[in-house]
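In the two assemblies presented below, chain A is common to both, partnered first by chain B and then by chain C.
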Partner chain A sequence: MNAQKLLELADDELILGWRNSEWTGIAPLLEEDVAFSSIAQNEIGHARAWYELAARELGTTADELAFDRQPDEYRCSTLVQLRLVPDWARTIARHCVYERSDQARIEALKQSEDAEVAGLAAKIDREEAYHRMHAEMWSERLKDEPRFSAALEELEPLFDVRDEHVPEFAALWEEMTMVRRSVAGATW
Partner chain B sequence: MIYEVFRQERKGQAFAHAGSVEAPNEEFAEAYAREQYGRRGESTALWIAPREALHEIEDFVDELGRNYHRVDGYPLKEKLGRARERAEAARAR
Partner chain C sequence: MVTEQQVWDALAEIPDPEIPVISLVDLGVIRSVDVSRDQVRVEFTPTFLGCPALEVMRDAMAERIAALGVQPDVQVISDDSWSTDRITPAGREKLRASGFAPPALRELGGPKLVQLQSNAFRCPYCGSQDTALENIFGPTPCRSVRYCRSCRQPFEQFKTI
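This part shows the complex of A and B:
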């Protein structure tokens, strides 16, 4: 599989995981805090797995791909870049939009001729099933809430938009790569 | 709403109370219980029940002090000692 496509996928998962983890400690209720943080962690785990495949093709490492690229090299969708804290309705809307679009993408990857890609997609899909369950139960609960419907409408078209970064992506990149940049080339 | 969560550590073992989760309905309770008590592979199964569904009994009346109902009602140490003494005396005869 094309390394650039793998990077798209990995970047989506890393940045979404990062954005979702901004809710850790401030989610609307404690149980949700734990659940949403766990989902965020899973997404970052998926990113690592995709980065490792890409890294082998590109002759680098997962860490370098995740943290040592310049901001304009990240190929993630506009949808995952948006900073939505403290708007829970929009956060859940993004979660729903992402999980639905990601499901179609993962389904296609499971049919990949590359056995490694197909295997990884199947493995990730088994974990995503719980994310989808979580997204669906929230969407059921918020479906009559106008803020939620408006957010769905706003965010749905953004999954396939990858041509440029939203302004708040710069601050995310600054923070996400801060430690790596502070001691360049260090081994941890 | 509070849901009580019970977890089974290994197949075949008894379920033990794990803790509780607060959730608006059963579906949320299931998702939250999964995250809190299952995501580290620490459980093979969970039981989730609304707290109101559990019947608690905490009054155990024993007005007459019937200690023979309890395992600690028969202190055996002294009795065994006496039995041993009798056995030894019998052997000596």
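This part shows the complex of A and C:
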């Protein structure tokens, strides 16, 4: 599979994982603190697996792709870049929009002619099933809430937008790459 | 010369780093063991891709194999060959006995929210099916949290994946 496409996937999962982790410790319910932390962990695990495939094609490593690129080299969707803390309605709306769009993408990847891509997509799909159930549960709970409906309308078109970065992406990049910029090649 | 059985026996002594009551062999994450003259190749599949115990498991396997006097070659395989159906019957019983409800079998179909919200799961402490979903997510990616209305005990449910 084309390395640039793999990077889109990996960047989406890494940056969304990062944004989800911003709820750790401050979610409106303890259960959601645990849920968003766990979802973040899964997404970053998926990012690593996609980066490893891309790294092999590009002759580099997953860590270099995740942390050593310049901001304008990240190919993630506008949807995942937005910093939505502390807005719960928009956070859940993004979660619903992302999981739905990502499901369609994973289904297509499961049919890939590249056996490694298809196998990895199938493995990821098993985990994503739980993210989708979580999104479904919240969507049911908030469906009559006007702020949630407005957020869905605002965020739905953004999954396929990748042409430029939102302003708050700069601060995320600064923080995310700080360790590797301070100590080249750091591992953890 | 080391035999394949000696390797399996050695690997069966490695506890899961996060649920130490069961071994890596019970967990079904070791897909194959291949013994050649002075090297042992092990193929192993992660449970969840973001599992932070991955490196610990890989290093523990390499260490055990090296202790048998052969060169370890532990390969992490990120394909779709692991599901919770690979947990052995002995592993499922060890989970239950230590307060983790074992995963539902995959043959019943993939997980659905209505199923998780139903009382289809049994309390590992008292055996009652009067249990409720508290949280799809739990302390590690592989677990959900449930509550038993009968013995009033929260418990962790291994997710079916």
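General observations
The rule is short, and it goes like this: the second predicted complex is superposed on the first by the 184 of 188 C-alpha atoms of A that agree within 3 Å, B and C clash if a C-alpha of one lies under 4 Å from a C-alpha of the other, contacts with A are read in each partner's own complex, and residues count from 1 in each chain.
Going forward, contacts are C-beta pairs under 8 Å (C-beta built on N, C-alpha and C of every residue); 3 or more make two chains touch, one makes a residue touch a chain.
Keep in mind that this is a model prediction, so the values were computed, not measured.
Overlap between chain B and chain C is detected when the two structures are superposed via chain A. In the superposition on chain A, contact is made by A:A49 with chain C only, not with chain B. Once the two complexes are overlaid on the shared chain, A:L14 sits clear of chain B and of chain C alike.
Looking at the shared chain after the overlay, A:A93 reaches neither chain B nor chain C. Once the two complexes are overlaid on the shared chain, A:G119 sits against chain C while remaining clear of chain B. Judged by the touch definition given at the top, the superposed model places A:R141 against chain B, while chain C stays out of reach.
Among chain B and chain C, the chain that touches a larger number of residues in chain A is C.
After overlaying the two complexes on the shared chain, residue contacts for A:Y130 are found with chain B and with chain C alike.
Contacts of A:S38 after superposition on the shared chain: both chain B and chain C are touched. In the three-chain superposition model, chain A touches both chain B and chain C at residues 31, 34-35, 38, 130, 133-134, 137.
Taken in their complex, chain C has these residues touching chain A: 48-52, 78-83, 110-113, 116, 134-141, 145, 159, 161.
Looking at the complex, you find that chain A touches chain B at residues 29-32, 34-35, 38, 130, 133-134, 137, 140-141.
Only residues 31, 34-35, 37-39, 41-46, 48-49, 52, 116, 119-120, 122-124, 126-127, 129-130, 133-134, 136-137 of chain A touch chain C when the two sit together in their complex.
Taken in their complex, chain B has these residues touching chain A: 21-24, 27-28, 31-32, 34-36, 39.
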